[in-house]
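Alright, structures below, take your time with them.
Both complexes shown next keep subunit A, but they swap its partner, so subunit B is in the first and subunit C is in the second.
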Partner chain A sequence: MFTQQLVNGITEGSLFALIAISFSLVWGLLKLVNFAMGEIYMFGAYAGWIVVSYITPNLFLALLAGFAVGWGLGWIVEKVAFKALRGVPHIASLVCTIGFSFLFKEIAAAIFGAQTKAMPSFYSSTALVVAGANVSWLQIFMVALAAAMMLLLQLLFYGTKIGLGVRAVALDYRTAGLMGIKVDRVTSIAFSLSGALAAFVGVLAAIYYNAINPYMGFVPGIKGFTAAVFGGITSIPGAILGGYLLGIIENMSVQFVSSGYKDFVSYLLLIVFLLFRPNGILGKKAKL
Partner chain B sequence: MQNRMIALLSAVLVLVGGASLWAAGGTDNTIHIALTAPLTGDYAEYGVNFQRSVQMGIDEINAQGGVLGKKYVLSVGDSRGDPKESVSLAQKWTSDPSIVAEIGDFTSSCCLASQPIYDAAGMVQLSPTASATTFTPGSVWSFSIVGTQAYEQPFMADLAFNKLKIKRMAILFINNDWGMDTQKFFKENFEKIGGKIVAVESFFQGEKDFNAVLTKLKESKPDALYMATMYNDGALISLQRQKMGWDIPVLGPSSLYSTELTKLGGSSVNGLYTNVSFFAKDTDPRVQAYVTGFQKRFGATPNFHAALAYDAIYILTEAIRRAGSTDKQAIRDALAGIKGFQGLTGTITFTPNRDAIKGYKAVQVVNGDFKLLK
Partner chain C sequence: MISISRKYRLVLQLCVGLLLIALPYLLGNQYFVRIATMIGIYVVLASSLNLIIGFTGMYSLGHGAFYGIGAYASAILSLSLHWPFWVTMPLAGLFTAMVGAFLGLATLRLRQTFLVFGTLAFGEIVRILIMNWNSLTRGPMGIPGIPVPSLFGFSFKNFSNYYYLVLVFAALVVFLIARLYRSRVGRAWVAIREDEVAASTMGVPVFGYKVLAFTISCLFTGLAGAFYGHFVRYISADQFGMNESFLILTMVALGGTGSIIGPVIGAVILMLIPELFRFLAQYRSVLYGAILILVIVVKPEGLAGVKGLFVPPSGTARFHFRKQKIDSAAEGQAGGGAA
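Coming up: the complex of A and B.
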């Protein structure tokens, strides 16, 4: 049963890790948190649901649709909450993203209705049995897809001009601007990418849990953010590590403590850990 | 600037004052009642059915000339299944002098949260569905017609142990007032008749990942799983259980009796046992009249909770008729005195604690459809 919980934890952790990357991306560039991330995740799930239930039962098309919708929503949030509010205190942007979070939820409830809707499953048959633990094809697919996504991001950041631009802007946007980097464009791309990533995870989660509703984004949004802080929000590898650790710890605390204390145990650990290492696992010390 | 502000303020005051005068003036030939229900959020299906049933009942009563020669006017508020929202709605209803009674809310948590406000204001709070045993004893103004878990769970324990021969049971419950009660009464009764509870686990509202908790429950090797949950969580749990390849009999309280359960859960909920006091396929002509009327008007089949809301408006009407006035105290006293009321969900008699004792029928999901168990 230990291995089964480990498998459950890694699968859930993949979802957290990808959301955590979304948060790290935005934080790295703007030192800000996008609290509408959970709702972008939710809209991604709905986009995927529309594709598989009305157009064609194709998982890859659903993921693509989620990615595209997330890109668009990320772009909108950046234009309104960040670009239009640049120069005013950061708190305004922060509150603006909270506003978007509620707005998106209510829009989804108005369009699709507030009821839970069923999402069909894919690849749910058992692929292999490891030490008594059932691993389904979907779980393998999710973990592999998450790993591929992370690899692609790494390639993007360290192998392309845009990636170089993102890193330069993250380091110092004024100097980067003076060096001829189009700061607005780079920020917009990175922000849209973070939204696309969150929405992509939303589709995966919808398939994994077989259900969607307008309020599904809140908990994963908070947990993704937590994972990012846990791993060190300034570092993308840290966000990945934080995501997987949070997933595993949660599942283990169900096994060894009690399901009612699942969040209690994981957040207690997080608070204690941050007391001793405020920058997270791989986070760098903040420069003052 | 300041003058303009003062002008604006006085304009607002005049408008508000006028509006309340207008509202108060309407009480001569109308009876205003309020409905609190979760029209959006996790419990939306139940809340929307509340609204449909109560509106349907009111339209029928008004068409027959109303009650005491007055027509009903309904105010509806959306609590979203959130106790905080339920409290603000209670404040809104009780501060409106034209409203004489309230029907709602759906969850026990919401009803308990808003109870002190109805109690202080002296207004009937008639919940069709609140089944937490702590609810109605909390205030003389609180009524519930669903029948508490203290009556429903002995039936389920008997069904599991004596009829289905289940000896070892694992319980998974939603951690709120209702879930705690359901779990507690099932456990007590199941153990009393000789069953063994091998594991008890819980989750909080909004949880979507049940893999970990199901893995743990599976380890305790039960004969069956008892899900003390609502239909949407129940469907999710069943889907994830099926994916895990854990094939086991599943039982649960009447909250699982919903066409949405089979729609969301698909083949994973086949074989599930639950119970009902109201069954849409009942041959009783009154039930059939309600079901076909509901289907014609809303294009959906009413479930148990919808029928309870329908019973709620009719039992309230009966109380107002007996009271002979719209005095809040008189309505409460008449309601408390109702015995043997023939509702669609069975005969309703209020106990001294103002909750109702009901009869139950066992049902099972067979190929995506609820069938009465013989």
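Coming up: the complex of A and C.
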């Protein structure tokens, strides 16, 4: 059982890690948090579901659809909650994204209905058995895909011109602007990318849990943020580490405490880290 | 805010007061009286959340949980110890205030963004505890059969009677908050909201006043919870979740942060909308989300709010903001309506 929970923890952890990266990306650029991240994740899952159940049972197309929808929603949120509110204290943007979070959730409930829908499963056969724990092909696929995604992001940030722009804006947006970087465009792209990443994770999660409903995004959104704070919201490696650790800790708590308290552990972790180590495990020293 | 001269204001207040007293007779229907009672409870909730958002500039997404703590505390005390409502209600309020004070002492050092998440996590923890602590809260089954309060043999079972009870309570809370706002404490809170550093330079103990505001806000929220529990007589964990916190926040934002009458207006409007537009019932929550976004983007001070909560303090930021406003106004004229 122990190894089984470890395997599940690593799989869920890779999902949390990707959401945590989305949070860190936005935080790094704007020192802001997008509360609607979980709902973008949920819309991604619905996009994937539509593709798989109505158009073609192709997993990669579903992931791509999720990515595109997330990109669009991220773009909308950035334009309304961040660009239109620039120069206003940060809390206004946060409250605005809280509004978006509820708007998205209820729009999804109005369009698709509030009941849970089944998502077809992919690669669910057991690939190998490690010390008594079943590892499915899907789990291997998810972990590998998450790793590939992180590698791609690394390449994007450190190997391309747009990545250079993102890093420069994150460092100091005024100077970056003076150096000829289009701050607005870079911010917009990075924000859309973070939304796309969250929605991409949403599709993966829908396949993993075999279920989608309009309220599925709230808990993963908070957990992604928890993972980001846990590992250090100012650093992307920290976010990845935080994601995996959170996944493992949570699944271990199912094993050793009770499944009813699974979410409890993450929330407690969030409060404890906010209070005692707001910079997280790997975060650089920054005043929060 | 609409400026009305003092003489007319008194007349207006008298009229509103008389209307509120006569309301159960005017409405007639018990269902409408029930809605009016719920509005009263939400007026208290919104006013107490406004105490911390509007007066000190802190945000909490944990007020749904405090509301629940109050309701559960009063219900459990009156069902297991058979104490009367008049004892359990203040005790529930005090207990909620105590929990709030502890949470405040721990988390109010955090910056706004992180405070929102801290209180949100706290709210979820409370919900999970209520769901899983079967021996105390009956878990997901909820608590039915909460006794109706009575005073010297006079029962408040009738909706109209309970309406008057809540009316007195809500009026008292709004009055107390208005008095607090004009007191030395209230001035300290507003000073903290406007500029924390300047306030502490002037000798205002910022942290202490923040905790005080949070505690008082939780006290009123807990009391409102007790009134709610004894009114609907059945409570369960899902009535006090994140949605409730969000609804209260939207009421405060719509009505106007930092004003006394603002949250009252917000609560009345948001509670009446779903009743007036029954055909929209399914999309009610969509409307709430849209209202919150619109208020923040278009009119950050709300319908009756004090200007200045979201206006940037100084320097380049103000310039950017103003420029942005002019730009968007120009766009609005050209394109016919800004987003």
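Annotations
Definition applied: the second predicted complex is superposed on the first by the 272 of 288 C-alpha atoms of A that agree within 3 Å, B and C clash if a C-alpha of one lies under 4 Å from a C-alpha of the other, contacts with A are read in each partner's own complex, and residues count from 1 in each chain.
Here is the rule we use: a residue touches a chain if its C-beta (ideal position, glycine included) is under 8 Å from a C-beta of that chain, and two chains touch if they have at least 3 such contacts.
Please read these numbers as outputs of a predicted model, since none were measured by experiment.
Subunit B and subunit C, once both complexes are superposed via subunit A, clash. Once chain A of one complex is fitted onto chain A of the other, the partner contacts of A:Asn251 are limited to subunit B, with no touch recorded for subunit C. Once chain A of one complex is fitted onto chain A of the other, the partner contacts of A:Val33 are limited to subunit C, with no touch recorded for subunit B. In the superposed model, A:Val80 makes contact with subunit C only, not with subunit B.
Looking at the superposition, the partner that touches the larger set of subunit A residues, subunit B or subunit C, turns out to be C. When the two complexes are overlaid on their common chain A, residue A:Gln115 makes contact with subunit B while staying clear of subunit C.
Of the two partner chains placed around the shared chain by superposition, subunit B and subunit C are both touched by A:Gly260. Legend: residue contacts after superposition of the two complexes on their common chain; A:Phe218 is shown touching both subunit B and subunit C.
In the superposition on chain A, A:Met150 makes contact with neither subunit B nor subunit C. By the touch criterion defined above, A:Leu270 reaches subunit C but does not reach subunit B.
Of the two partner chains, neither subunit B nor subunit C is touched by A:Ile207.
Of all the stretches 55-63, 73-81 or 91-99 given for subunit B, the clashing one with respect to subunit C is 91-99. Under the contact criterion defined above, the residues of subunit A that touch both subunit B in one complex and subunit C in the other are 109, 218, 258, 260, 263.
Here subunit C touches subunit A in the complex through residues 57, 59, 61, 106-107, 110-114, 116-118, 120-122, 124-125, 128-129, 131-132, 242, 246, 249-250, 253, 282-283, 285-286, 288-293, 296-297, 300, 310-312, 317-321, 324, 328, 339, going by the rule given at the top.
Across the complex, subunit B is touched by residues 1, 4-5, 8-9, 11-12, 109, 113-118, 121, 124, 126, 134, 136, 138, 205, 209-211, 213, 215-216, 218-219, 250-251, 254-255, 258-260, 262-263 of subunit A. Listing the residues of subunit A that touch subunit C in their complex gives 32-33, 35, 79-81, 84-92, 94-96, 98-107, 109-110, 218, 222, 225-226, 229, 258, 260-261, 263-264, 267-268, 270-271, 274-275, 278, 288. Within the complex formed with subunit A, the residues of subunit B that make contact are 39-42, 44-45, 175, 201-204, 206-209, 211-213, 215-216, 219, 232, 235-236, 239-240, 243-245, 260, 263-266.
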